[in-house]
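Two complexes come next, and they have one chain in common, chain A, joined by chain B in the first and chain C in the second.
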Partner chain A sequence: MSKEAIIRVQNVSFSYQMNQEQAIPVLHGVSFEVYSGEYLAIIGHNGSGKSTISKHLNGILTPSEGDVWVHGINTREKARIHEIRSRVGMVFQHPDNQIVATIVEDDVAFGLENIGVAPAEMKERVDFALEAVGMSAFRHRPPHHLSGGQKQRVAIAGILAMKPQCLVMDEATSMLDSYGRQEILGVVRKLHRQGMTIVTVTHHMSEVAEADRVLVMEGGQIVMEGTPREVFAHQERLQELHLDVPDASRIAHLVHRQHPAFSSSLIHNHEIVEEVKRLHIRTAEASGS
Partner chain B sequence: MSAEFELTRNITIGQYLPTGSVIHRLDPRYKVTAFVIMILAIAVCNTYLGNLFALAVCLVMFRLSHIPLHYGISGVKPAVPFIIILAIMQLLFYGEIARGGTIYFQYGFVTISSEVIRLVVVSAMRFVEVIFLSSVLTLSTSTTELTHGMERLLGPLEKVKFPVHAFALIITIAIRFVPTFAMEMEKMMKAQASRGADFGTGEWWRIVKRTKDMFPIIIPLFNVALSRAEDLILAMEARCYTPGAARTRYAHYRATPKDFAAVGICMILAIVMLIIPW
Partner chain C sequence: MKQPILVTEHLSHVYMQGTPMEHRALDDVSIQIDRGECIAIIGHTGSGKSTLIQHFNGLMRPQSGSVIINGMNVSDPKLDVKALRRQVGLVFQNPEDQIFEKLVGDDVAYGPFKMGLPIEEVRRRVEWAMELVGLSFEEMKDRPTFALSGGQKRKVALAGVLSLQPKILVLDEPTAGLDPRSRNELLERIKRLNTEERLTVIFVSHNMEEVAHLADRVYVMANGRAVCEGTPRSIFSNQELLHTHHIGTPESVDILYRLRAEGYQVDPGAYSVDEAADQIAHLIGR
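And then the complex of A and B:
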């Protein structure tokens, strides 16, 4: 992974302006960078500002103070907002509320029509995007005949067609059942392997375990940062923040308390299995000798 | 009882019936043009024979599009009360306007003459013809194709600053969200019913009561619609939508000789309809 930052968030504060006098502060001096090709997860409980910060990444919101730079373009530059948004695509929470057209392929083309791509190239890009999310067979279907996971895949295709470098998912799996969630995670995993930068805002800890890096937000600030393994090691601190850890991590901690030989820093299900096997072999060897 | 809540099953918007016939495969722009020509001719034609001819044309269109005729007839059924009311009104009040012909009966302001009867019969036939034709159009063209066709046909209006694309987008989004809101409404009706609300149990003539019964559905539905709209705007903006900006178009239609022929044939049919005497 190269350490080239494609998004730089510098000291960003933001308040929602309710009316003339009243403003609700949401973010307080948040700074971080998103590096090219990384898989970044942002977690935090409701109202921690995680969704608000994600909406700053492609200029849907502009900071009250501080700056966000996408590829060296400040998101305040309204004239270049198309450039920013075709580089950083965003998938939202509700599968139904982000599909514009009456059939799948038209919806995928919507963004391309907006940025004025020539029709011949558009066809190519739509084919590519539908193929990438495995929805080619559904191209002529109306969206209401699709499942939640399929709708989200169409939404991702709509973003992919614009050939972004970074995909931001704002709780994109939270409205889906576990099957739909697996569909989306499969697609995201594949895109990440192909070099796409992924930023995911989520409260599903099993998704977080797959990320390269985690930011934990609380009260509009970043309070923890590190690899998933580092972050999930602080189980008590996370509990104070009303955050969960992956099941694997919780089990590892419980077993670790009883049997110190069992590693506590496990975050994936398969690691538990391996750890059990490892200890089993060791005890077998010990009793055998 | 359960059928009352099955709203999504009854959505007839975009009642596309894909049979892949010649009519289905016409370019929507030309199909809409041909349709408009026929409708105009029907609106003007006021002879018995002309309307019989038009009715025959409609039946041929059903045959050509491989659409069973009962789809057209089921479209006429709900219109029957209106046709009857219209016929009665015309019979009673049009004596003064449709003058001429032989007078069969006269009492007070009611004049029934051969001209009035012609008017009544022709209006009823027109009704049926228009419903048949629109059924053929909507059954053989998907809503997507229809909006594309309309958008292209209205294209020239862009020169006089008419926001054609915005207009088409509004229609597209409206159609897109019909099933979504129907589903939403179904959910809310079930939720309200499970808490003891009753819908549609009042007698049909108590319109005010039946309307009031719907308030617990309508108000939350508006609420939902607004929050969905807000989400949709965000998603559209995130995909670089700028109102009024120049855009390119994905759907491409290329007219074939068949399309020109279809419009030509419809023009000839329209002329025949208009020159038929009697």
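And then the complex of A and C:
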């Protein structure tokens, strides 16, 4: 993975202005970079500032202090906001809040119409985007008859049609059932393999386990950073931060306590199965000899 | 001993009847929920869960079949809907759908205030309801609702419903979008409302960990029908049922099924992390 930063967040502080006297501070001097092609997860409890920081990544919010640079463009440059958003697209929590048209393909084309893409190219991009999320068969359907997972795929297609380098998902799976979630995770995995940069804000630790790198937020600051395996090793610290580890990690820890040979650093379901196989074969050989 | 508090018989509902868009959302649903039970309703998107629970506080009236709640017939055209809604509190999936006052305290007070209760009683109930969901009355009552986090909004919506002191609490995806700690905290509070305040709790969920942890009994909905009913253990150990009706499993159950597919002797009905870990420890211990 190349270490070229496509988004640079520098010393960002942010407050929600309530009225003239009162402001609620949410972010305090946050700095990090999003590297081209990486899969970054941002976790933290409700109110830790993770959604607020994600809304800074394409200029929906601009910092009270500090700067966010997208491909060298400062998000404060309102005149270049379309350029920023065509590079960094965002999918939100509620599918219904981001679907605007009455037919799926019109919805996907909506952003393209706004930036004046020629009809021939528009069709090509809509075809590509619907294909990428596996929704081509639904292009003439009204979106309100789709399931939550299908609506989120349409929302992602609308972003893909803009050909961004980076997809930011702000709890995009939290309102979906487990099948809907798997649909979205499948699409995201595929996009990431094809080189798309992914930033995901989520409470689902099994989703976090798939990322390359994790940022943990608390009180508007980044308090931990590392690979999922490194971060999930700190089970107690995460619990203090109102977070959790995947069930696979909890199971690995518990089994490790009874059988020290069983690795405690597992984070995926399939790793548990492999570890059982590894040890089961060993004990079978030992008892057989 | 068992005292039915909510009974549906042959309940059916067809959306847009007589049009090409006709859709049978509920099809001959008969369920019985007893006083003090904690019931989960699960099923794939579009299985009819939301349509079903909207009958529980009179948002929808039966097209055919019946719904009887604590002696009140929801089909009765002269039904006192306000009285029904004091008995049955419904908390929507998206808390923003039911928060409309500027300040937290005012929002929680809205229901009891409209009931015409004396102001002291309103205040007492607001304080009680807020503390019950884990919102400090003194600290939070004057907070603007728009500046709350997702988890706080959900607690405010729940407090607003509890301030009416309902007998039955109906929750649509109570913990969607909450962080793990807030989720566990809210689940514990719901459990306490159920066991200590003797509230009958009915919740719709696609989080199977939550179903496993909370529910006494589970109804599985599919294509508008209640296709199966049982304890969480019996539901999760029925892989065919889960598979047929597109129902996810808790992560720990997924691990156990994967082990079983590899030929290991495990019981996938053991859905808690502790039980699953014990089974795995037992496997390699032999």
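The criterion applied here is as follows: the second predicted complex is superposed on the first by the 289 of 289 C-alpha atoms of A that agree within 3 Å, B and C clash if a C-alpha of one lies under 4 Å from a C-alpha of the other, contacts with A are read in each partner's own complex, and residues count from 1 in each chain.
We adopt the following convention: contacts are C-beta pairs under 8 Å (C-beta built on N, C-alpha and C of every residue); 3 or more make two chains touch, one makes a residue touch a chain.
Quick caveat, the model's predicted, so the values are computed rather than measured.
Placing chain B and chain C on a common chain A by superposition gives a clash between them. Of the two partner chains placed by superposition, only chain B is touched by A:Arg85; chain C is not.
Once the two complexes are laid over each other on the shared chain, residue contacts for A:Lys277 go to chain C alone; chain B is not touched.
In the superposition on chain A, no contact is made by A:Arg76 with either chain B or chain C. In the superposed model, A:Glu105 lies in contact with chain B only, and not with chain C. Contact with chain C, but none with chain B, is seen for A:Asp244 once the two complexes are overlaid on the shared chain.
Once the two complexes are overlaid on the shared chain, A:Arg189 sits clear of chain B and of chain C alike. Once chain A of one complex is fitted onto chain A of the other, the partner contacts of A:His94 extend to both chain B and chain C.
Comparing which residues of chain A touch chain B with which touch chain C, the overlap comprises 93-94. Contact residues of chain A toward chain C in the complex are 16, 18, 24, 44-48, 93-94, 147-149, 171, 174-180, 203, 205-206, 239, 242-244, 246-248, 250-251, 254-255, 258-259, 261-262, 269-270, 272-273, 276-277, 279-280, 283. Residues 55, 58, 60, 81-82, 85-86, 89-90, 92-94, 96-103, 105-106, 109-119, 122-123, 126, 142-144, 155, 158-159, 162 of chain A are the ones that touch chain B when the two sit in their complex.
Every residue of chain B that touches chain A in the complex is listed here, in rising order: 14, 142-144, 147, 169, 172-173, 175-176, 179-180, 183, 228, 231-232, 234-242, 245-252. Residue ranges of chain C in contact with chain A, taken from their complex: 44-46, 93-94, 144, 147, 149-152, 173, 176-183, 206, 208-209, 246-252, 254-255, 258-259, 262, 264, 273-274, 276-278, 280-281, 283-286.
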